[in-house]
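Some structures are shown below for you to check.
Look at the two complexes coming up: chain A is in both, with chain B in one and chain C in the other.
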Partner chain A sequence: MSPVALRDNPKRELWLAWGATVFFYNLYAVVFFVFTHIQPPGQPWYSPDQARTWFSHHHDGLLIGLALIFVFGGLSATSIALITYSIRRMSVSRAFSYSYLIIYSVSAVPGFLFICVALTAGAMRPDRSPQLQHWLYQLGFLSFSGTMGVFLIGSLVWMTAILLDRNGVFPKWFGYLNLCNALTEVVVSPSWIFKTGVFPWNGLIAWWIDVFVFGIYTGVFITLLRGFIIREDFGTGPLPPAPHWRFWATEPAEAGS
Partner chain B sequence: MKRTSGERVILWTLPAVAVIWIAAFFLFPGFVRPMSPRSSAAEVAAFYRNHTARIRYSMILLNWFCVALIPILMLIVERMRGMAHRTPILRFCMIGVAGAAPIAFLTATVFWLLAAFQPERPPELTQLLNDLAWVTFTCGVPFLVAQCGFLAMAIYFDRQDHPVFPRWVGRFNIVIAIALIPAGFAGLTKTGVFAWDGLVSFWAKNVAIALWIIVMSVVLARVIERDADAADNAAIAG
Partner chain C sequence: MTTQQAATPTAPPARHVPGQPDMWFFVLFESLIFTAYLGVYLYYRAQHQQAFLQAQSHLTLWLGVVDTIVLLTSSWSIARCVEQARAGRYDVARRDAYITAAFGVIFLVLKVVEWTRQIHLGNTFSSSDFFQYFFFLTAIHFVHLLIGFVALGILVRQLSDVKLRSQELVETCATYWHTVDFLWVLIFAVLYVAR
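For the complex of A and B:
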């Protein structure tokens, strides 16, 4: 799409926000899995000396990768804005959309800024005492995994809105997928208690299952948001079906029903 | 009371809080001559011992008033309602980042205050709190960068005969966003212009933020006056 065509496209803001969302989640995956090796996470049972060594080994990757998050992290607002808009398009109170907007917006500071600050501070001074590096290491991983309530309640708000909606904005099964995402925030809570086994921040339950569910959830909601933008007619009431997207779309409710 | 009257009240809080921000900036001895990331733990601890009172008072002021920027940002968000957009997406984006930037700064003040709370603690602990404060303060630009980007895009898409903000305001926001970006990389070096006390990461970034606040408040004041006049004319005509 040329810039001029984009400028005149009535859905331009929606498409740009969607593109920024795709960019942000891809950047996030590359930075966390490839550059910094923050994911899969370091061992929760590391001794202070091992935590210090971890910072030394990941020094460059941490500083470069987290700098990219410091620069582009604000783009996380685009998916929040799109989802807020999608809830506004539903036949539910605006209280749902504003709740989602505020809950996910405040999550940014504990949810991703803290890990970036803690691990940058650790990588900046790899010669710091092992005890202090250990504390930064735990602050980073626990603030990241352990910021739970905002995503728990946020997902439940979105789920409730989808299940109550009669405009057919999202299929009902996606409402229940939100419940799965909310439950990952429940099962991650033992990571505040355990250092070994399946429950800690890198364990089978608190990391592997959570990342698996979150990965599917994110991929699905980005795809569904694309379908939502295609179907959007800027009207009120039921959202019209898109011809090529009916395989997933629920039938819109009858007008006036 | 007219809608714009309340908006004028919010706008006129800005000169008052700006005076406080500037006073607090000069009161904190770590800003006037930016603290060096190369300082040893002993030097950092000595800084907190020698300037305890000034650090506490300046950071209490900044902790109180950094959040005072949010109502000003909401004035911009309200103006965005008048833009020729089909959806409120960019307004939601602005609201999404408007809270996070002042809260990130507020978090930095908490680290500075914590370091000054007990300056006699082991120097390495004071240095750790000082590092956390400076990294949060310097690198914590993602929300400001995005805010300028969202606003620039909103102005670019505001295609109407009388756009809400003049076109140059959009380009100005792009320039500010570019000036803020290098600060995100301040963790990579302790020396040179990109270090947290460097020309780019400290001076360029903070001058850009100050310039943004000044320019946007002047632009906002004009737009709010224009809207107030339009409302008065409509009332007379009605």
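For the complex of A and C:
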């Protein structure tokens, strides 16, 4: 596509939001899994001294990684915005898109930002008393894993919108995948109770299986959002079918171009 | 064109899965998730077999059997509901849907009774490894069943309103109900029966 065509492309902003979404989730994966080792989470049964040692061991990674999150974390808004836009394009009430937008914006505070603030505070003052470091350690991981349930209603709102939609914005099976994702988010809640076994914040059921499902869910919705942008005709009726159901599908050529 | 039309009546009708094919994606994915849960349970059970067997002995097997019979009967009535809807007997189909819901309610009541009994015996969510799995698996299944009542509500509305009526949606809701039943049979076999 030539620069002139790109400038005139009404989908430019949508592609920008989609690219920012892809960038954010890649950054999230690299920072949380590689730089900071926040994921998989540290042991829930750590004593105050062990929690303090954990902060010392991860000091540099936490500061660099979470600094990147504080700079670029706001890009998480692009995926919420794009999903909200997609719901607006459906044949359902706007109440769905507003609900989704508000729920996910509010949920991001306990479900995403608390852990960044708590662990940064722990890493920035490693000489603090072990009890206080332990408190920050637990606040960070419990707020991150234990509050996944707040995303439950958001997933159900998206699911309901997809199932009611007559414009074919997303396939119905993705609506049901939202239900699967919502149900696994409930499963994390026992992490408030347990420190060992399969249900604490790093447990096989409460964390590993859920992250696996969430990974599939995220990959699927990013791919489907791409397909949605390709099909978007800025009308109000049913979306045209995808030109090619391939991930590398290109946009259909404009008539007369 | 005429030749083609003459040839088509002999062709067998196109085969398709009941309801929306999309619902079968849910069935497959949710079955995989439950397989993972049950796989984790069986793995840890193999590590601590004596402790699990000892805790499992507190379960009332006959109550699990009654639960299973109740849900299997509900599956039978929802299957009848689909059959009646296919035949255009919507009033009878609606009655079968209400019967299904009644069996669902009986199951829920039995489950609450069983949980209460276990808690009175001192077997809580955090009292032992086995009861962690017991309460988790039965509770997550309970949530699935509650969603099943939403599906039944949609089904009854489809059957009641001539303008809305969609056989595909009726079958989709029934498929969801069967899935809940199927997941219970897995849980029953692994939690109550396997020794």
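By definition in this document, the second predicted complex is superposed on the first by the 239 of 257 C-alpha atoms of A that agree within 3 Å, B and C clash if a C-alpha of one lies under 4 Å from a C-alpha of the other, contacts with A are read in each partner's own complex, and residues count from 1 in each chain.
One rule holds for everything that comes next: contacts are C-beta pairs under 8 Å (C-beta built on N, C-alpha and C of every residue); 3 or more make two chains touch, one makes a residue touch a chain.
None of these values were measured; they are calculated from a predicted model.
Engineer: Check chain A with both chain B and chain C modelled on it and let me know: fit or clash.
Structural biologist: Result for chain B and chain C: fit.
Engineer: Kindly classify A:Phe194 by the partners it touches after superposition: chain B alone (first), chain C alone (second), both, or neither?
Structural biologist: second
Engineer: For A:Lys172, is the partner it touches chain B (first), chain C (second), both, or none of the two (neither)?
Structural biologist: second
Engineer: Which of the two partners, first being chain B and second being chain C, lies in contact with A:Ile80: first, second, both, or neither?
Structural biologist: first
Engineer: Regarding the shared-chain residue A:Val213, is it in contact with chain B (first), chain C (second), both, or neither?
Structural biologist: In the superposition, A:Val213 touches chain C alone.
Engineer: On the A-aligned overlay, A:Val117 touches which partner chain: chain B = first, chain C = second, or both, or neither?
Structural biologist: In the superposition, A:Val117 contacts chain B only.
Engineer: Please state, to the nearest 10 degrees, the angle that the Cα centres of chain B and chain C subtend at the Cα centre of chain A after superposition.
Structural biologist: Between chain B and chain C, as viewed from chain A: 140 degrees.
Engineer: Figure out whether A:Ile64 sits in contact with chain B (first) or chain C (second), or with both, or with neither.
Structural biologist: Only chain B; A:Ile64 stays clear of chain C.
Engineer: See if chain A has more residues touched by chain B or by chain C, and give me that chain.
Structural biologist: B
Engineer: What's the minimum Cα gap, in whole angstrom, linking chain B and chain C in the superposed view?
Structural biologist: Superposed on chain A, the two chains' closest C-alpha atoms are separated by 29 Å.
Engineer: Spell out the part of chain B that touches chain A in their complex, as residue ranges.
Structural biologist: 37, 85-90, 92-93, 95-97, 99-100, 103-104, 107, 124-125, 127-128, 131-132, 135-136, 139-147, 149-150, 153, 156-157, 159, 181, 183-185, 187-188, 190
Engineer: Would you tell me which residues of chain A are touching chain C in their complex?
Structural biologist: 171-173, 175-177, 179-180, 183-184, 186-187, 190, 193-194, 197-199, 204-205, 209, 213
Engineer: Note which residues of chain A are touching chain B in the complex, please.
Structural biologist: Per the touch definition, chain A meets chain B at residues 7, 10-14, 16-17, 63-64, 66-78, 80-82, 84-85, 88, 101, 104-106, 108-109, 113, 116-118, 120-121, 123-125, 128-129, 132, 135-136, 234.
Engineer: Going by the contact rule set out above, which residues of chain C touch chain A in the complex?
Structural biologist: Checking each residue of chain C against chain A gives 20-23, 25-26, 29-30, 33, 36-37, 40, 44, 125-126, 129, 132, 136, 140, 143-144, 147.
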